[in-house]
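Shared between the two complexes below is chain A, which pairs with chain B and chain C, respectively.
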Partner chain A sequence: MTFNEFAEQVQQIVQTTGPISSESKLVNDLGLDSLAISELVVGLVVELRIDSLLDDAETRDWTQTTVGDLYDRWRQATAA
Partner chain B sequence: MTSKESTTPEIFPESFETRHLSLGPVGHTHFRELQTAELAAETAPRWRYRGATPSPERWAAGLSAEVAVQYVVSLKQSGRALGLVVLYGADPDCCFIHLGALRFQAGRFSPMLLVGTACVIDMALAEGRFRKLYLELPEYNLDQFGSGLRGALYEEARLPDHYFYAGATWAQVWLSITSDAWRSRNRRFLAMERQEEIAGQ
Partner chain C sequence: MTGPAFVLSTGRCGSTLLSRMFELRGDILSLSEVFSALQPNAFPSSPLTGREFIRLVSTPNPRWSRVLQTGRVPAEIRYDLDGALQHNRTSGVPPLSIICLAALTSEPDALLDDIENAWVHRPASEVADHYRDLFDWLARRLSRRAWIERSGGSLEYATDVISAFPDARVVHLHRDGADTALSMSAHPYFQSRVAARYGDSAVPQLEAYGRYWSASILTGLRALAARPAGAVLHLSYDGLTARPDDTLRRVERFLDLSDDPSWRVDAAALIDRRDEAWRDVSEMDRAAVLAATRVGADAIDRVARALT
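Here is the complex of A and B:
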């Protein structure tokens, strides 16, 4: 899956539109609030099998997390 | 949340599991985390005893006062308890109920506790048990529900300068969710999370 395809998945899960780059921050750039981030975590874990997101979901600083960070996690998950 | 006598409509399961979470009753092993969270600066103004320290007897009695059901939300994988979700103040005639949620680690955003909270809302509203659900929260917690406000939550009332926290006064805000609004919302992620339960229905 390319980054653009991954970004489309993210947009579908949190129902946002607009451009997404790998540097886009979930909170500041995509405007996601806590509820939307929760939806995103479950969506990515269930649909893309990024189970490792659950490992640090409670400790991660979501205000600094970018879409690129999540894409990297997906690539790690699929490489494992 | 505030408390009176227990009204326990026996319509909620004592515990249930979702794909990643276990939701179960409060046990004595949770008492320390619960009391610590209740006394945290951001929580104390809005939770049961408003930061006061009740006697052990009063505290234990208050755990179930006016509570319809309450769940400690834990991660299935690690067993770590994230917080408490409470449904209280049920009115079976008018079919409304109130919801409160408390993070055990104050100040830390807990996405999976919110998922657990949404699962409890889903159980109360989407399955036809209640028609309307109320949330009472301080203004400083409102931002985390922005997307929910656009989607399903409705601001019913606002009491200006109600709380004092972090050197400032904040409004108390009453939000509501109706079962119709909740059902019309995108519940796809919840269906995914509750897959085991939905499959078992």
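Here is the complex of A and C:
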């Protein structure tokens, strides 16, 4: 899956329509609140099987997390 | 007055039962659905004058008014919509009265008038200060030494509650995710809530409720992870209903309430456990909701392992 396809999945899960780049931050750029971030995590785990997102879901600083970080997690998950 | 205390939960998980159990005690005031009746505006970021706060808690919430107008009134609404009270299904009901004040008195309109008189000239302050003063005021008025607020679905905005009340003690009540999702799917409030968030259909699939449940659990656990040890008590609905005496004893200790065996017996008598009607759910829907709730269930398991 290319980054653009991954970004489309993210947009679908959190229901945003604005442009997304790998540097887009979930909070500042996509405007996600804490529930929306959790919905994104759930969506990515359920749909893309990125189970590693659960390892630090409660402690991770999501304000600094970018869509590119999540894409890297997906690539790691599929490479494993 | 002891410090603030809250029951946080996903909703549809036995938290109303726990509130009703607290109502049987003479020392703690059980406040129901204050925040949920005000959402999504329960925690405005700017300070409010007393008059503005009264406007916040007394202006009918369109989200609840829509529910009332469907004619399918959830059982937790305590305001007598068909009696001689001031408000009804058509007018909408003040959020503070619709459940909370109506559970405390048969004259919620008069109590809200008294609150308005006591608040209207107050200077501007953070909404958390207004809530704290209001809950203390109600506890004094009803001769209780403490209060505990419980709003169904409050895990969704646990961050707001924790930020507003950093000294709070929190009882986190949770129930099996799939059972909770199934129960949510039959409840008009959660139907509109989940449809709004996953809204490609007016009637969301059961899986959407599972995702909402998992997301609420993750959000709540993330907020609770920042609380100091000893400030959070995690309880399961299964534990509460299967072992009420042990569970309620833990609640008493956690909230510094007196050891009251007769309360625990009376509270246990309120338990009327009904298992969810899974027979009407297809295998495919059941598998999908189990997959969606696994995320939240795993998070709860991780917390439980960390605590043991």
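Just so we're on the same page, the second predicted complex is superposed on the first by the 80 of 80 C-alpha atoms of A that agree within 3 Å, B and C clash if a C-alpha of one lies under 4 Å from a C-alpha of the other, contacts with A are read in each partner's own complex, and residues count from 1 in each chain.
Here, a contact is a pair of C-beta atoms (placed from the backbone, for glycine too) under 8 Å apart; a residue touches a chain by one contact, two chains touch by 3 or more.
Computed from a prediction, not measured in an experiment: that's the story for all the values here.
In the model built by aligning both structures on chain A, chain B clashes with chain C. Once the two structures are overlaid, the count of chain A residues touched is higher for B than for its counterpart among chain B and chain C.
Judged by the touch definition given at the top, the superposed model places A:L30 against neither chain B nor chain C.
In the overlay built on the shared chain, the residue A:L70 is in contact with neither chain B nor chain C. Contacts of A:E39 after superposition on the shared chain: both chain B and chain C are touched.
In the overlay built on the shared chain, the residue A:L48 is in contact with neither chain B nor chain C. Common to the chain B and chain C interfaces on chain A are residues 15, 34-35, 37-39, 41-43, 45-46, 54, 57-59.
Chain C contributes residues 156-157, 159, 197, 211-212, 214-219, 221-223, 225, 291-292, 295-296, 298-299, 302-303 to its touches with chain A in the complex.
Interface residues of chain B facing chain A in the complex, by the touch rule stated above, are 19-20, 75, 77, 80, 82, 105, 108-112, 114-115, 118, 143-148, 186, 188-189, 192-193, 195.
The part of chain A that touches chain B in the complex is made up of residues 13-15, 31-39, 41-43, 45-47, 54, 57-59, 62. Those residues of chain A lying in contact with chain C across their complex are 15, 34-35, 37-39, 41-43, 45-46, 54, 57-59.
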